[in-house]
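Shared between the two complexes below is chain A, which pairs with chain B and chain C, respectively.
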Partner chain A sequence: MTEPILQVDNCHVWFDIKGGLFTKKQTVKAVNGVSLQVRAGETFGLVGESGCGKSTLGRAIVKLYRPTSGTIRYKRQDITALKGEQAQEYRKHVQMIFQDPYASLDPRMTVSEIIREPMDIHDLYPRREREARVVELLQTVGLKPDHIRRYPHEFSGGQRQRIGIARTLALDPEFIVCDEPISALDVSIQAQVINLLEDIQKKLGISYLFIAHDLSMVKHISDHIGVMYLGHLVEIGPSRELYRHPLHPYTQGLLSAVPIPDPKRARERHRIVLDGEIPTPIDPKPCCPFATRCPKAMEKCFCAVPPSIQVDGRQVACFLYQEGGRAASEINIK
Partner chain B sequence: MSVLRVEHLSTQFATDQGTVQAVRDVSFSVEAGEVLGLVGESGSGKSVTMFSIMGLLPGNGHVVDGRVFLNDEDLSVSAFGSEKEYEKKMQTIRGNQMAMIFQDPMTFLNPVLRIETQLMEPIRNHTKLSRAEAAARALELMEKVGIPSPEKRIKQYPHQFSGGMRQRIIIAMALACDPQLIIADEPTTALDVTIQAQVLELIGQIKDSLRSSVILITHDLGVVAQTCDRIAIMYGGKIVETGTADEIFYMPNHPYTKGLLGCVTDPESDTNEPLTPIPGSPPDLLKPPAGCPFLDRCTQAMNICRDYMPGQTVFSPTHTSCCWLNARGGEAG
Partner chain C sequence: MDKETITPVRLPDPLPANAFDALPDEERNTEFIAMESRTYFQNVWANFRRNKLALTSLCFIVLMCVLAIAVPILSPYTYDGMDVQALNQLPSWKHIFGTDKFGRDIFVRVMYGARISLSVGFAAAGINLVIGVIYGGIAGYVGGKTDMVMMRVVDMLYSIPSLLYIILIMLVFGSNMFSVLLGICVSSWVGMARLVRTQVMSLREQEFSLAAEVMGASRTRILFKHLIVNSIGPIIVSLTLMVPSAIFQESFLGFVGIGISAPMSSWGTLANEARMVLNSYPIQIVWPVLSICLTMLALNFLGDGLGEALDPKKR
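Our next item is the complex of A and B:
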């Protein structure tokens, strides 16, 4: 097996909320002990509902946040402590595509300036060649070279996202964190952007961390998928197996909630509708994050955080599968 | 008898750049007790169609043509002597016979009023119930939409509720007067998947228990497949295809409908079939094309598509499509 290009070990990202005169200091535990690996050239999908910490983790990986504890290793090097030039060098290799193509482009810069800027900052390519490189990048993402003098407001949402992707590619990155790159786009445009990302990966061999809440698209693009809930990764597995046979009760509930575009099967399908809502990540109790909503919660789920263990070639953090555990198939709700 | 009938509705907006023809000659009907899905991308005119029906267009929007019938009663602006009389009539209908559920529950709820006050408003406006009776009704509605400990929660303010709970409150408000027709404008778009499943289940239960009709506006084909009896597909301000859920999903006729279906993936299928996106982007409704709105993105476009809007081809009592490929007796697909 190839060595992982990115390895996250027991990563915590906590934010302090300052206490006031009458309130205690509180801590938002956005990412609470996450470990994962991404191999070169593969796509790792990170799914979960809003507030589960998936974007925070993505931002920690590109060094926009500093982890409270734990390590993030990129090609064996711990990047959490990198500073100055080393950090700059790291950012050249690891780039990010943002969710909102309306907010992530400077409205006062032309397309050419937007795509050139990373090259100027990192002093990549001789000055004269940069213009040609911008044109080349525009073509890679399916825009016309004569769009170069235009401003972002002249483009539609899908086209803006393409400009964002071209800017990301300007530094020839090896790893891209895609933070919900399609959730702001229309259905027919989403498919265009997904295909574009897949083509780029095939051509350039880039690895992706693909963060999304749209589970059908994530399955389509990812090799491995991690399911996050309240700052914890509850299950990691190869995407097809994970969808066919989810192990963690949350994964089961989440997948069951995804509407399927087929009326006959939708009518026949047995659905698990999870009660309640995701609890607050402010000072969470030291127990299984999903215990409050889990249809199969046991007493011990409220006492301790279940460790992540290997089951059927997959990692699951659930007491149902622990100690001599029952066979996975016995527990499956479906 | 149809609960709602819309005939040749056209709505325009006056803007600095010119006239936006947001809805162009749209006709459809909703039968008693059915869920009609109105599917389209942003800017296809689906929300504007609903605002036109409800008489909730912003100041620069005008219904320029067409009629709207609720239970055979003409509710078009043109049927009334003046805008004022139309508005007076609509006041008695909105929230009473027709109610609306909006996409973003936070902007629809008033942040400075208690939930109780907001829930009682439609009841007091449209019925002769006393304050105490209306309060009791409000509490009953909170229970109906599944809000835990309603006695306590009804005294709270919107910011004390989560997104899913706020959407439940909006649904409770819509149900206040047992409407015949509920228009739900992307009711779950702002919600997470597991909360979306809860809200969709609730809408289904309500439809069954009240026998109300529902128009569900959405862009999510999965949601449509799961909840709708009939589907109308909108594109560029026009309805391009209508049919039962099975007809649309298993026998799509219009190239746009087929294109949309090619853009979604089935989370339960084992084969990872490639996505077939629709190239290009939707037309600019400032200068809508004279012919078929889908022309620029259609892989099978012909010369005639450029100049003339295709007529409706009827495949079954429920299935119609507007495409020139059908008119030539040729294969549409």
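Our next item is the complex of A and C:
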């Protein structure tokens, strides 16, 4: 097994909400003890409902947020404490693709200025070659060189997302955090962008952390998948395994909600409908985050946070599988 | 509908066999953008030109500036040259705006006043722009305690009645253009700072500024290259409103008698002088007041037009 390029250990990202005159200070525990590993050249998919902390984790990895505790190691180096020049060096290696292609490009800059900006900041390439490099990047993402003088608002959503990707690639990163890069796009365009990301990965050997809530897309692109719920990673596993035999009750519920493009099969399927709302991440109780909605919740689920354990080569944080409990296959829903 | 104007598309007859085949990849052009590509300033100018009112206003202000510079130089009269033979004359070919109670040519005096009023207006706007943008930008971008302290200072400045310290400044520095400018600027940059602060605060949460941060852009770069550039529209609009308000304030000071001292003239002092002979020669007050009104109107229209033209999303 190869050494992981990115290793997140027991990462917490908490935000304080300032207390007013009459209200107590509260803490939003957006990411609460997440550990994961991404190997070089692979894609790690991160799925979960909105507000479960997946974007926060992604932003902590690119140093937009500072973790409250825990470490994020990139090539064995803890990046949470990096400052100044070392931080700049890290930024060259780890970049991010943003969710909203309408908001992530500066509306007052031309395409050429947008793609050139990272090179200007890090003073990569001689000044004269930067223009040529911009053209090259545009071609990589399937845009025409004559688009160079245009403004972002003249492009469609898919085209803009590709401009964003070109900007990300300008620094030759080795690791890209894709923060829901396709959720703001039409379905037909989503496939285009996904294919582009896959091509780039094949060509340049970049690793991705792919954050999304579209399960079928994540399955398609990822080698490993992590399922997040309320700041916790409840299950991690190789993507095919995880889709075939989801272990955690939340993963099971999530997968049973994926639409199947075949009405016959869809009718036969047993759907698990999760009751209730996702609880608030403000000052959560010290119990299994999923306990309130879990169809298989036991007494101890309300008393302690289940630790992550190895089951069938996967990691699950659920008491159902604790201490040789039941075999994974018994609990599975067919 | 007029039938003759519709020309139906003539399909070749018979249709070629491949008419419904998919185009080969080389002929497909899904990335085509029909709109011609223009540089930013071409774009701004094209937008601006379409707004006739703003264009006229620009011409008026340029004309006013040219006249303000040229007339006192070229005219046979000077702004303080008295002529006892021709007191309080009505407009004529010799004195096109007439003369005042000392026989001074009002046209030359109004144009000389334009020099002072316009330069006070533009200078005040320029000073406000620099101070307000930097101050508001820093307060909005850094946020937190820094923002709190900076904005409380602003509130304090805002709460002191401006006439109070203008009079004090006049006492200390004498009644000249510098002290008028200083008096106007002490309080009026506050509005600009507040505007820029709110703009920057909302823009800094946008993804493009996060993207710049991930790229490794320094805070100064993000603030000046992204946040302030993107709030340029409201800044320009408020700037063009600041010019007339400074002109107005200067005129007001002149009118109440604490502005530029005689025999120099600004539009305000001219109106004040004309007020004294208002009953006998009402025509004399028309010229400075008309100049103030037209200039203010023109600047307002210009501001609106510029604000719209500077937005690259509008074509």
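Note that the second predicted complex is superposed on the first by the 334 of 334 C-alpha atoms of A that agree within 3 Å, B and C clash if a C-alpha of one lies under 4 Å from a C-alpha of the other, contacts with A are read in each partner's own complex, and residues count from 1 in each chain.
Criterion: a residue touches a chain if its C-beta (ideal position, glycine included) is under 8 Å from a C-beta of that chain, and two chains touch if they have at least 3 such contacts.
It should be emphasised that the depicted structure is a prediction, and the values quoted were computed from it without experimental measurement.
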(message) One more residue to check, A:Gly84. First (chain B), second (chain C), both or neither?
(response) neither
(message) Looking at A:Asp106 after the superposition, I want to know if it touches chain B, chain C, both of them or none. Which is it: first, second, both, neither?
(response) second
(message) A:Leu254 in the overlay: touching chain B, chain C, both, or neither? Say first, second, both or neither.
(response) first
(message) Contacts for A:Gln159 in the overlay, against chain B (first) and chain C (second): which applies, first, second, both or neither?
(response) both
(request) Examine A:Met96 and indicate which partner it touches, taking first as chain B and second as chain C; both and neither are also allowed. (result) second
(message) For A:Gly313 in the superposed arrangement: first (chain B), second (chain C), both or neither?
(response) neither
(message) Quick check for you: in the superposed arrangement, does A:Leu64 touch first (chain B), second (chain C), both or neither?
(response) second
(request) Report for A:Leu143: first if it touches chain B alone, second if chain C alone, otherwise both or neither. (result) second
(request) Examine A:Pro126 and indicate which partner it touches, taking first as chain B and second as chain C; both and neither are also allowed. (result) neither
(message) Residues of chain A that sit at the chain B interface in one complex and at the chain C interface in the other, please.
(response) 159
(request) Provide the residue numbers of chain B that touch chain A in the complex, in ascending order. (result) 41-42, 162, 164-165, 192-198, 200-201, 219-226, 245-246, 249, 259-268, 270, 272, 274-279, 281-282
(message) Quick check: in the complex, which residue numbers of chain A touch chain B?
(response) 49-50, 156, 158-159, 186-192, 194-195, 213, 215-217, 219-220, 240, 243-244, 253-266, 271, 273-275, 277-278
(request) Enumerate the contact residues on chain C facing chain A in the complex. (result) 31, 33, 35, 37-40, 206-208, 210-218, 221, 226, 229-230, 232, 312-313
(request) Report the residues of chain A in contact with chain C in the complex, numbered from low to high. (result) 59, 62-64, 87-88, 91-92, 95-96, 98-100, 103-108, 110, 117-118, 121-122, 142-144, 146-147, 149-151, 153-155, 159, 164, 167, 171
